[in-house]
Structures are given as C-alpha cells and as structure tokens.
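I'd like to ask you about the structure that follows.
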Amino acid sequence: MRDRFPFSQASPIGEKGKWSRDSRKLLRWSLGALAMAALPLVHPNPYHLDVLTAALLYALLALGLNLIVGLTGVLHLGYAAFFAIGAYTYGLLNLRAGLAFWPSLVPAAAVAGLFGVGIGLPALRVRGDYLAIVTLGFGEIVRIICTNLEHITGGPNGLLGIAHPTLWLPGRGVVDFSVASAPYYYLTCAAVILAAGLSVRLSRSRIGRAWVAIREDELAASCAGISVLRFKLLAQGCGGAIAGVAGAIFAAKQGTITPDSFDFILSVMVLSMVVLGGLGSIRGAIIGALALGTLPELLRGFEHYRMLLFGLAMILIMRARPQGLFGASEQGAPRGSAAA
Amino acid sequence: MSPLQLFLQQLANGLTLGAIYALIALGYTMVYGVVQLINFAHGEIFMVGAYLALTVALVVTGAPWWLTLTLCGLGAMALCGGLGWMIERAAYRPIRAAPRLNALITAIGMSFVLQNVVMLLYGATDRRFPALWPAIRWQWGGVTVTLTQVLVWGTAALLMVGLQWLVMRTRLGIAMRATSQDLRACALLGIPVNRIIAMTFALGSALAAVGGMLFGGYYGTINFHDGYLTGLKAFTAAVLGGIGNIPGAMVGGIVLGLLEGLGAGYLSSQWKNVFAFVILVLLLLCKPTGLLGERVADRA
Amino acid sequence: MAAPLLEVRGLTKRFGGLVALDRVSLTVSQGDTLGLIGPNGAGKTTLFNCVTGLLRPTDGGIRFGVPDRQAGREGQESLIGLAPHQVTQCGIARTFQNIRLFPRMPVLDNVIVGTHLRTQAGFWGAILLTAEVRREERWARERALELLQFVGLADRRDQPAGALPFGLQRRLEIARALAGEPSLLLLDEPAAGLNPVEKQQLLALIGQLKGKGLTIILIEHDMRVVMGICDRVAVLDYGKKIAEGPPQAIQRDPKVIEAYLGTDVAA
C-alpha cells in the first residue's frame, strides 16, 4: 500500500507522470515477486534453490546494513556480529530452553537489536574513521568470545542439532522444513520482502529523512533539530534486529553454527553489497546482494580465484562507479561531517 | 625460574613483538597523517615482505649469513616499497577526491587481492621461514636472550632512528610533515604532493617489509593470513601512540607488544587476541588521541 | 517590542590561548533585526556557534525567552550546555556561512527536514503509516511547499539540493530554517557571494520576514544590506563588542571606522 499526497492544482506537468511511474514500479515489483514465488514450482533444482536462498539471506543482511551505512552514513565494519548474535540466540534458546523457531524470532531480533544499540552508545561518540575501527573491533570481539566461551557457545565447534522450523499447513498438517530447499527459499523470500517493505516505509518517513540528513551533513541536521545520537542508535538497533532475524533463519537452516561463519570477511561482503547497490537504495541493496551473493557459485570452477576477483571487483567498482548501481551521484560536495 | 626471571623473559619477548609492531605501525601512521586513510592493505604488505624475504633467501645461496640477511632485508624493502608506491598510484590516488568510504572499501579490496595473490603463488599452508641467522642464545642471569631478539631490537631501533632523522632533518621529511598538516597549502606552494604521498606509502611499506622479515625469523613460519591479524594489532599500536604521530607509533608498538607478551605469559594465550581488540576499542572510546597525541590535519 | 528575546551576558570563549569572545553582552528584543558586524575573525560566527550549542562558552550566560508555545512555559531559560537540536527546540534557527544543505536530498525534502521538531512520527508510526502520521506528513509537505513558494524555489522542488546554483542554495537554507517556525533567526552572511540583484531580492525577503514579526540577527559584511534592514547594529572586534546602536550612529562611530569600515562607506 503506497500513500500518495494530494497535490495542489498548481502542480507542474511532471506530477501526472510520476503517478503512473509509481504504478508501473509497483507492477514490476509484483511481477518480480510472483516470479520468485513460482520458481521452486517451475525449476525445483534444490542446489540452485539453496544458492538463491543464501543470496537472499545476504540480501536480508544488506537491507539491514543499508539502514546503518546507506541511509544514516554510519560506517559499520562489524555487522557480522549481529548476524552471529541472532544465530546464537536462536541456537541457545532452542537447545537449552527448547524454544521452537517461530517464537524465537522476536528474541533473536530483540537481542541483536539491543546489541546494536549497546555497541552504538559508546562507539558513536567517536569520529568517523575511528568508529569504523571500533565496530570492527566489536565484531571481532564477539566472534572471539563465541569461540572461547566453550561451555556456553560450544566453542570452535559451535552449536549442533538446532531444530529446523516446522509449519502447520492446511491439508498437510505439521511440516518440518528439515533439509528441503524450497521451504527455506520461501521463508527467506518472505523475510526479504518484509524487510524491504520496512525499509521503504522507514526511508520515506520522518525517520528516514532524519537519517539521510545525518548522512549528508551531521552538523546541519543537528541544528535543524535532529537528535543525531538518538537517530544513529535507532538505525543501529533496526539494522541489528534485521541481522538477528537473518541469523535465526541461518541457524535454523544449517542446524549447526560455528563462530567461523561470522567473521570480518562476512561484514565486508555485506558492506560491499550495500556500496555496490548504492548507499541508501533499497533495491540496490537487494540486487547488489543477489549479484555478489551468487558470484561464488558462478565462479565455482575458479574456487581459488574467488576472493582475488572479489577484491579486484571492489577496487574497480569504487573507481568506475563510486555511487554504486542505484545510489545518488554527488551533486555538489558534501559538507565535512563526522560520518564517512 | 624465579618470578623476576619470568618477568624479564616475558619482557624480552614482549619487546621483540613490540619492535615488529612498531615497524608496521609506522606505515599506518604516516599514511594516515598525509591522506587520512586507514590503509587496510598495509598489514598485507607486511606479509608480502615476509614472503619476499623468504624468496630472496631461497635464491641467494652460499653466502655468509649476514650478507644473505642484508640482501633479504634490502630486497624486501625495495620490492615492498615499490609495491606500496604502485598501490597508491593505481588504486588510491585516482579516488582521492571521492568520499572516504570508497577509499576504505578500495583498501579492503586491495588487501583481499594481496592476500590471495600470495596464497595462489605460495600456497595456503604455513611456509617454513629459512633461518637467516644462526640460532645463538645467551644466558643472562637465568634469562635466555637469542640472537633473533637482539637482531629484531637492533634492526628496528636502527630503522626508527633513521626514519626520525629523515622526517626531522631532510627536505623530504619536512615536505612530508608539511603535507600532513595542510595538503592544499603545500600543493599551492609548489610542493610535489603526489610524489610526497607516494614516497610516504613507499617508506611505510619498506619498514613493514623489514618487520615481515623479522617476524618470519622470529616465529619460523609464515602464512598468507598473518597480515590481517598482525596488521590490526599494529594499527592498534599506531592509534595507541596517537595516529599520525611518528614517535607515537614507535611507542605504541612497544607498549602493545609488552602488553601482549606479558598478557600471554601471565594470562591465557587463548585470549591473547581479544586483548588487542579490547585495548583498541577501549582506547578509541576513551582516549582516541592516544598516548602522545594525534597529529592530523585540521578538517574544516 | 521591548520584550527581550535573547540575552547574552559576559560571553567569553577561549580556544587555548586564543580569546575568540571577550565578555560580550548583547540584548535582542522581540521583533528586532540586529546586525552583527566586524572584521574577519572578530568572533561573530563564534557567537552564533555558542548560542546554537555548537560550542560551549568558557564563561558567561545566554538566556532565551521562550514564547508561550507550550502551556505554562514562560520566562527565560539558559541555553548554556544545550545540544544544538535542543537549542532549535527552543525556537532558534540558523543558516551557515558556508551553506550546509543536504546535497543528495531533493529541495523539498531539505525544507521538510526543517519541520522535524514540529512533527512527531516515531518508529511505529512510520511503519504502520497511521492516519495521524499521514496527516502529519501532509502538513509538513504543504508547509515546505509554502516556504519554497515564499523563497521562489517551488518549481525546483524535486531537484537534488546540491544541483542548485549558489544563490538559490542560500534561499533554500533560509527556507529550511524557517520551516521549524522559529522565533529567532540567525543568518550568517546570507548575502556573501550574491550579485547585486540577488542581494536586493534577499533584502526584500528579510524585509518580509521582519514584517511578520520575526526576530533576526544578521552577520554581514555588506554595509548596504546592514543599513538597509537592521534596526540596531553591534560591532565586534577581536572578540570584544566595541560599539552598539542604530546603523547611522555606528557608521559615524570613530572606533568602528578605525576597526573596520575604513573609507568605503556609502550612506
């Protein structure tokens, strides 16, 4: 549901065109969603579905990080930590407290979101470049703690035997997702669509405007009445929560989670997806994630060259199209502000 | 071993680590001083330096050890210096005007490239580092000091004194310091800032290369993944001493090395790495200007 | 209007050894337009920064009389120690010497941001898009459009702010400042870089704001702008206030001429 504001009669010619442009956009997205939904029925190859699911999980992460880095301009190099926290929260709730997947989603999101705010509080007092390093530090600290707190987190071997989701379907009874590919595909699709919807709503709201104002010029935003700290924390909380949900889905799908999956490389990959897609752009984050997320599979034969090509791609893209695929290009120099 | 002896032993170990960190930290701090970039790829340069020294050592055979050592050192310095210069020229200079996020991503990408090139060329497993000097050890009141450690301290000290001389007493050094204070003014005054910046990268890389060689000699094995962790710790050291502050990087490196050495000796070595990160985070939160104060250009 | 709106008393700001403001005292009455002049480096922008919370004064006081906007709130409150957004909440808005817009945001959105404190939509409101929130958005948009029309930028409302020519960017900044319905407007060299025609338009604009009863403090170097629009003028030099009074008196004050005006004074 989109809301359009009534324009006065004195509206210039462009307005009418904008109305149908939005309708066309909605149509395109609906068709895309339908295609995605139909895919497992048309092409039920489990391997391909798994690849897509992984890429979609990346897209979910990218959407979350987009709120922090893309919209608000806070450079975060430790995003994998929230992913880990979500995964471990579900893992621990399931293994220790017997909680099933669906009721664990909210706690996973909440805990990860709280960490986002908690880490943000001290971190945001710090200048832009240093903030990046602090977030990196936190990310690594979380990972190392997960590796070392053996009796809680299972140490380097992680948590095993986490339950898969089960869903009651009319006519089929209770279905266990177990290791089938299609259910997770649909689950992740739904999560991405929800997160995208959330992002759209937020970015078009007073909150989204405040975030972008902070990104563009923190000082001016502050003087315009925006409490910079509060909104940055909000962004980190939201972004963290989304990563938490992604983490829970990941844990439920894998059944086993180890700290190695949540390293700095992952944080960098998600960041690259957001930058590639264009800072702040929601469809950019999704497309960037799908592109970079499926790349490892497309480069199957070039296993060894994968990271090398990835690094080269990052360098070249920054050189050739710094604003990413769908980002706003620099129109006039942005004023110096703390956030990168 | 008596408690005092244990302490002195850990001190010696820590100092050795610290000297290596200091050499790498210098590169971070100099580069940040001139272009305000956290050169993520710098840790990999250190790693490349180690591998280059290894390669030179494999090529140069039949010479007395001190000659081999010198050739390895100089060779690694020259090649890494050139590499640092090239990287600046090819990857960072073209995007100097772009937002800093872009430069950071480029640096991260560059670090991936370097890591993986080395992995492809030399393999993913640990490589044994050739013994570039005899394994002599001295007993000194119950504390063992090896030639390795003496060499590390000596080389690091020599290079640091040399750098300090260069920065304080030569025209290049003055130009470097001026550029780090106000790049635009320097450019307007006719100082070849591009060349100065390139030289800064080259110099930092050369020092890191020596650090790599000493690292290899100290630990006996090297791995393409060493750059990331050691680089991060060295960056912590640079921030600890005050980013942009050259003596600060030296002090920061030594302090961090001592902290890590003593920590590993007295506490668990498993949590050793968390140490560095925790120090880094606490530092940035509480005293981001570091021990000796940062030296960065004022931004409008 | 004799009611004092802003009272600055003995304001001092030191940066290490440098004294940027030296016991400056000023009073601005409601409805007044005060010109703040002085040579470069005299401390004018520093004064603005202290008032708006970007800098914390070393000494002295700043009191701002809050009009009866919220029930029961009257009298003055101290601005010392408030964060910039809190100062804005009190009803003070400003523009900047080196225009600070949000370049990648559309012109209209730049102004809507100015309404931030007059709206309340929070996280859940944004997600659920309730009727209340929609109404608020509509109000904010209409208000922003009104302001754009007022400054003559309505036809550029969808362009990115960074793409505007310089003179229009200045006007956009003023529109953004006005969006929050301030009772005090601080303009930092609004005429700098404008050609004579644009300066006339700016004068007219400020005149209209005056007519609506807005209290304005204006930092300016162009004497014609100052003389044309200000009721009173205060002169700073090396952080000290060296003169204050009606524009004509300031023009003739020997201290001021010595410090600043030189021989280049047109009536």
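As written, the chains take the letters A, B and C, and residue 1 is the first residue of each chain.
Basically, a contact is a pair of C-beta atoms (placed from the backbone, for glycine too) under 8 Å apart; a residue touches a chain by one contact, two chains touch by 3 or more.
All figures in this text were calculated on a predicted structure; none of them were measured in a lab.
Q: Using only alpha carbons, which chain's centroid is the nearest to the whole structure's centroid?
A: So the chain nearest the centre of the shown protein is A.
Q: Which chain's mean C-alpha position is the greatest distance from subunit B's?
A: Most distant chain from subunit B: C.
Q: So, what's the distance in Å between the C-alpha centres of subunit C and subunit A?
A: Roughly 40 Å, centre to centre.
Q: Let me have the rounded angstrom distance from the C-alpha centre of subunit A over to the C-alpha centre of subunit B, please.
A: Result: the chain centres lie 35 Å from each other.
Q: Measuring from the mean C-alpha position of subunit B to the mean C-alpha position of subunit C, what distance in angstrom results?
A: Whole-Å distance between the two chain centres: 49.
Q: Check each residue of subunit A and list the ones that touch at least two other chains.
A: Each of 330, 334 in subunit A touches at least two other chains.
Q: Give me the residue numbers in subunit C that touch at least two other chains, ranges are fine.
A: In subunit C, 98 touch at least two other chains.
Q: Give me the residue numbers in subunit B that touch at least two other chains, ranges are fine.
A: 300
Q: Subunit B touches which residues of subunit A in the complex?
A: Going through subunit A, the ones touching subunit B are 69, 75, 122-123, 125-130, 132-134, 136-138, 140-141, 144-145, 148, 264, 268, 271-272, 275, 279, 304-305, 307-308, 310-315, 318-319, 322, 330, 334, 336, 340.
Q: How about subunit A: which of its residues touch subunit C in the complex?
A: Listed in rising order, the residues are 1, 3, 5-6, 8, 12, 14, 198, 201-202, 205-210, 212-213, 216-217, 219-228, 234, 238, 328, 330-335.
Q: Which of the residues in subunit B end up touching subunit A in this complex?
A: Checking each residue of subunit B against subunit A gives 36, 38, 91, 94-95, 98-106, 108-113, 115-117, 119-120, 228, 232, 235, 239, 270-271, 273-274, 277-278, 280-281, 284-285, 288, 299-300.
Q: Would you pull the subunit C residues touching subunit A in the complex into a rising list?
A: Residues in contact with subunit A: 52, 54, 83-85, 87-89, 93-94, 96, 98, 100-105, 109, 112-114, 116-117, 119, 121-123, 125-127, 129, 133-134, 136-138, 140-141, 145, 155, 158, 160-163, 176, 180.
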